[in-house]
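There are two complexes below, and they share chain A, which is joined by chain B in the first and by chain C in the second.
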Partner chain A sequence: MIIQIPVISLVFFLLMALIVPLFKRRNFAVTTTLGLIVLLIVWVLTVVLVRDVYLNGPFTYAFGNHESFIGLELLVNLFSAGFALFMLSLIIIIYVYSTSDATEGIAEKEYGRYYILLFILLFAMFGILYTNDLFNTYVFMEILSITTVSIISIKRKKENYTASFRYVMLNEVGSLSYLFGVALLFMVTGHTNIDLVAASIQSSFDDYTANIVTALGFMLTGIGIKAAIFPFHIWLPDAHSTAPTSSSAILSGLVVKLYILIMIKMLFRLFGFDIVSAMNIHIVLMMIGAFGMIMGSVFAIGQTDVKRMLGYSSIAQVGYIVLGISLGTVLGLQAAFFHVLSHGLMKAALFLSVGAVIYHKGVRKVKDFNGMASEMPVVMTVFGLAALGMIGIPLTSGFISKLNLGLASLDANQGYLIIIIIVSGLLNALYYLPILIAAFLKSNKPGDLGLKVEPIPRLMMVPIVVLGLLIVYFGLFPNMILSWFEEIAVVLL
Partner chain B sequence: MSFLQTIIDHINYIGAVAIFVIGLHTVVTHSNLIKRIMGINIMGMAIFMFFVAIGSVTGGKPPIIDGDGGPYINPLPSVLILTGIVVVVSITVYSLSLVIRIYETYGTIDQNELLKRMQEEDES
Partner chain C sequence: MNDIIIKTVVRLIIPFVQIYGIYIILHGHISPGGGFAGGALIGTSLVLYTLVFGIEKSKEKFSERVSEFAESGGIILYIAIGLIGLFVSGSFLTNIDSGFPVGHPGTVISGGMIPLLMIGIGIKVASTIITLFHALIEEEEA
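Our next item is the complex of A and B:
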C-alpha cells in the first residue's frame, strides 16, 4: 500500500482537476471544500510516506512493473518525499487563503478554472519531485510551465498578457535547452533513467567528455532560465507581480524552488559533484549566485510597486540558494535546503499579507503604506516579521539560514563570501525597512492608536498568522529540521 | 581531409545544431511576436531531428521483427519525440492565443511598438 502512495497522490490531483467543472452549477464553497479535503488526504498520505521512508529507507516504484531501463520509475526518498510534504503543507496554507481572495482580478465564473489549474500545477510539482527519469522530468516541467503561465494570464488585464508572453517564450527556450541536454546524454548512455545515466556517465566520462560537458551546460542553462537565476531573471518580476496574489505566493515561494531542486538532483545525482567541480562549474555557480544576491537587491531598491519589489527580492534569494549549492559540502547543501524552506515561508507570508492589504485597501504602492499598521495591525506584524527575516534579524528563520550559509562558506574556506552575504542583507534592509517605518511609525491620522483587528475574512487571516508563527518557530527551533536536511544532503553527496 | 570527413560523417548532428541556433536567433532577435513563436518551433524541431538521428543505425530497418533479423533502428527516441511534439504543439497554441489577446488589447504584434504603447499608457 505504502509503495503506491506517490501514484495515488498524483491520481488524486488529476481527478480533482477533472471534477471541478462538474460542480459549476453548485455553490462555489462545495468545490473549495472538496479541494481542501483532497489536499488534506494527500497530506496525511505523504506524512505516512515520509515516516515510512525515514524508518525503512528509500524505494523505487516502476510503472507497469517494467524494468528500469525500459519503463518509467518513481524514486521515493527523504529528498523527494520530504520536499513534497513541505510544498504540500505550504500550498494548503496558501489554498485556505485563496478560498476567500482568489477573487482579485479574476471573473467570477472563472474561479473554477483557477482551481483546475492549481491542481494540475500540484500534479506537475509532485511528478517532478518523485520522478526518476530525465525525459519524464521534461514533460512535467512543460506541464508546470503551461499551467503557471495560464494562472498568470487568467486575470484579464493588459499587462498580464505581455508578462505571460515573455514568460512562455523564455521558459520554452529553457525547457528546450534542457531537452537538448537530455538528447546529448541519451546519445552517450542510451538511457533516460537517472540512476542508469549517472552510472554510465561515471564510467564513460573520459571517452565522451565533450558530450557530457555540453549536456551539463545545456541543462544548467535551461534550468537556470526557469529558476530565474541572476542573468536569466528578466521574466520573473513582471510575471510574479501581475499574477493573482495567492498564486504569486505559490510561484515565488515554490515553483522557482522546484527548479532549484531539479538542479540539485542533476548536479549531485546525475553528474556527481566530482565532474561538476572538475569542470569548475561550481565556481561559475558561486559567482552567479553572489552576483544575483547583490543585483536582485539593487534592482528591488528602486521599485515603487510592492509586489514587483518582492519579485526582485526573489531573484536575490535564489542567489543565496545557488551559493549554498555551489559550495558542494554537506553544510552548504543543508543551508541551501533550509533557505528553500525559510524563503518559501517568508515569501508566502509577504505576498499574502500584501495581498490582504490589496484586498482591504486596494493599494499596492510603497508610498500608500503610511500608517498601515494602525489600520491592519495583525497583517502588518506578519509582514514585518517576514521582512525582518529577509534582512536576517535573529529570532526569524531567515537569520538561521544566513547563519548556516555563513558557517558553510567558512567551512569550505570561502570566508570572503560572508561579506557578500552581509552586504546583501544590508541591501535587503534598504528596501524593506522603509515600508516597515512607513507602516508602523508614520501615521496619517494622529491620535488613532486604538487597537482593532482589521475587518478581513477569517480564512484570510488564519493562514497569514500561521505563516508568521512558523517563521518564528523555525527561527527558534531549527535543529530538528536541520538534522533532517543534513541526512538528505549526506545521501546526495 | 579528415576534418571534412568528420563533418560529412556527422552531418545529421551538425545540421540539427545549426537549425537549433537559427531558431534561437529568431526567438532572441525578432521583434515580431509570431516570428518568435516560429523560432521556438524551429528550435523544437531541431532537437527532435537530433533525437531521431541518435536512434538511427546505418543500414537499420524499422523495428518490426519479421524473422529476417538484421540491425533495427532504436525505436525509443522516436517514441520520446512523439511526446515532445505534442508538448511543443500545445505551447505553440497557447502562445498564439496569447498573441491574439495582445493584438486585441494593444493593436500590434511588434515588440518595440508594444513597449512604446505600454509606456504611453503608463504616462497617461
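Our next item is the complex of A and C:
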C-alpha cells in the first residue's frame, strides 16, 4: 500500500481542486476546513512514505503497469519524498495563515478560485518532485506556470496584469527552451525516462557531443529563467511583490526552489557531474551564483517597498543555492539543500509577517515601519529573527547555511568564495537592518512601549510564531537534518 | 440575430453536429479524433446556439450549475477510472490487467478503459469551451 502514496497524494490534491467549485454555494469555512483535512491526510501519508524510504530504500512506480521505456514512472527516494514533506509542511503553515488573510486584495467571489489554484499548484509541485520522466516534468512545469500566473493576476489590478504578462512571456521562453533540450536528448537517446536517458548519455556522449551539450545548455537556460537565477531574474520582483501575501510566500519560498531541485536532478542524475564539469558548466554556475548573490542584494538596497525588497532578496538567496550546487561536492550540495530549507522558512516568515503588517496597518513602505515593534511586538520579533537569519547571525538557520557554504567552498579549494559570502551578508545587513532599527528603536509616540495584544486574528498569529520557532530550532539543532541532506547528496553524486 | 432563416437552419444543424461529436468521442480509440476533438465539436454546437439565440436562452439550456458539475465531473470520472486500476491491480490507470473488456480490435467495444476515459475528456472539453465563451461574453457586457 505504501507504494501507492505518491499517486494517492496527487489524486487527493486534484480532487480537492475539483471539489471547491461544487461547494461554491456553501459557507466558505467548509471549503477551507476540507482543504486543511486533505493537506493533513497527505502530510501523514508523506511522513509514512519518508519513513519507509529511509528504512527500505527507494522504489519506482509505473503508471498502468507499463515498462519504464513505454510508460510514465514515478521515482520515490529520500530526495523526492523528503522535499515533498518539507514543502507540504511549509504549505500547511502558510495555508493556515491564508485562511484568515485571503482577503488581501482578492475579491470575495474569487476566494474559491484562489484555493482551486493553490491545490493545482500543489499537484504540480508534487508531480515535479516525484516524476522520473523528462517530458512529464515539462507538463507539470507548464501546469505550475499557468497556476502561478493566475495566482499573480488574481487581484485584478493593473500592476498585477503587467507582472503576470511579464511572467508568462519569460516563463514560456523558459519552458520552451527546456522542451527543446528534451527534444534534442530524445533525438540522441530515444527515451524520456531519466534513468534510461542518463545511461544512454553516458554511453553515447563521445559520438553525439554537440547534441548533448546543446541540450544541456537549453535545459539549464530554461530552468534558470524559471528559477530566477541572476541574469534571468527580471520577472521575479514584480511578480512576487504584487501577488497576495500568502502566495508570495509560496512562490518565493517554494516554487523557485522547486526549479532549483529540477536543476539538481538534471545536473547530477541526468547528465552526471563528470560531463557537467568537463564542459566547465560548474564554473559558469559558480560565477552566475556569485554575481546573483551580490547583485540581488545591491538591487534590494534601493527599494522602498518591503515586498519588492524581499523579492530582490530572493534572487540573492537563489545565488547561494546555485553556488553550493556548483561546487559539486557532498558538502556543497548539503549546504545548498540546507539553504533551500532555511531560506524557505525565513522567506515565508518575512512575507507572512509583512502580510500581517499590511493586514493591520495597510502600509508596505520601509518608512512606515517606524515604531512598528511597539504595536505588533510578536510579528516584528519574528520578522527580526528572519531578517537576522538572512544576514547570517548565529542562532538562526541562516547562519548554519552560510557556515556550511563557507566550509564547503574551503573544502573544494575555492576559499575566495568566502569573501563573496561575507560581502553578500553585509549587503543583506544594509537593507534589512534599517527596517529593524526603524521598527524597534524609532517610536512614533515616545513612552508607548508597553506590550499589547496583537491586533490580528489568532490563526494568522500561530503560523508566524511557528515559523519563528522553526528558524531558531534549525539554527540550534541542525545536525539531524544535515545528516539527512548528506545522505541525499551522497546518493546524487 | 432575429433572422428566421438562420434560426431554423441552426435548429436543424445542431443535433447533427452533436451526434457527430458523440460519434467522434466514442470512436476515439479506433479512428482519428477522440475526447478532445469530439468535446470541441459539442462545445462548438453550444457556442453556435449562444450566437444565434443569445446568452439568456443559452443559459437556460446549459446553466452555470450544470457546467460546474460537468467540468468537475469529467475529470472526476477520469480519476475514478484510474483508481479502479489502482485498487484492482495495484497501479494507477491499469487497463486490461484490471479487468476492462478487451473486445474485438477495431470495434467500438475494445481497448478496455480508453473509451470511458474519452467520455470523461469529452464532457470536460465541451463544458469548458461553452463556459469560456459565456465568460468572455459576460465580461464584454459588464
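Definition applied: the second predicted complex is superposed on the first by the 493 of 493 C-alpha atoms of A that agree within 3 Å, B and C clash if a C-alpha of one lies under 4 Å from a C-alpha of the other, contacts with A are read in each partner's own complex, and residues count from 1 in each chain.
In this section, a contact is a pair of C-beta atoms (placed from the backbone, for glycine too) under 8 Å apart; a residue touches a chain by one contact, two chains touch by 3 or more.
On a predicted model such as this, the values are computed, not experimentally measured, just so you know.
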**Message:** Both complexes share chain A, so when I overlay them there, do chain B and chain C fit or clash?
**Reply:** fit
**Message:** Taking the superposition on A as described, I'd like to know which of chain B and chain C A:209 touches: first, second, both or neither.
**Reply:** neither
**Message:** On the A-aligned overlay, A:149 touches which partner chain: chain B = first, chain C = second, or both, or neither?
**Reply:** first
**Message:** One more residue to check, A:24. First (chain B), second (chain C), both or neither?
**Reply:** second
**Partner contacting more residues of chain A (chain B vs chain C)** = B
**Item:** Touching partner for A:162 - first (chain B), second (chain C), both, neither
**Value:** first
**Prompt:** Does chain B (first) or chain C (second) touch A:33, or do both, or does neither?
**Reply:** neither
**Message:** With both complexes superposed on chain A, which partner does A:176 reach: first (chain B), second (chain C), both or neither?
**Reply:** first
**Prompt:** Under the superposition described above, what is the C-alpha centre angle at chain A formed with chain B and chain C, rounded in steps of 10 degrees?
**Reply:** 50
**Prompt:** Once superposed, minimum distance in angstrom between C-alpha atoms of chain B and those of chain C?
**Reply:** 9
**Message:** Identify the residues of chain A that lie in both the chain B contact region and the chain C contact region.
**Reply:** none
**Sites on chain A touched by chain B in the complex** = 135, 138-139, 142, 146, 149-150, 153, 158-159, 161-162, 164-165, 168-169, 172-173, 176, 179-180, 183, 186-187, 190, 192
**Request:** Please name which positions on chain B make contact with chain A in the complex.
**Result:** 20, 24, 27, 33, 36-37, 40, 43-44, 47, 50-51, 54, 74, 77, 80, 83-84, 87, 90-91, 94-95, 98-99, 101-102, 105-106, 114, 118, 121
**Item:** chain A contact footprint on chain C (complex, rising order)
**Value:** 68-69, 71-72, 75-76, 79, 82-83, 85-86, 89-95, 97
**Item:** chain C-facing residues of chain A, complex
**Value:** 4, 7-8, 11, 14-15, 18-19, 21-22, 24, 61-65
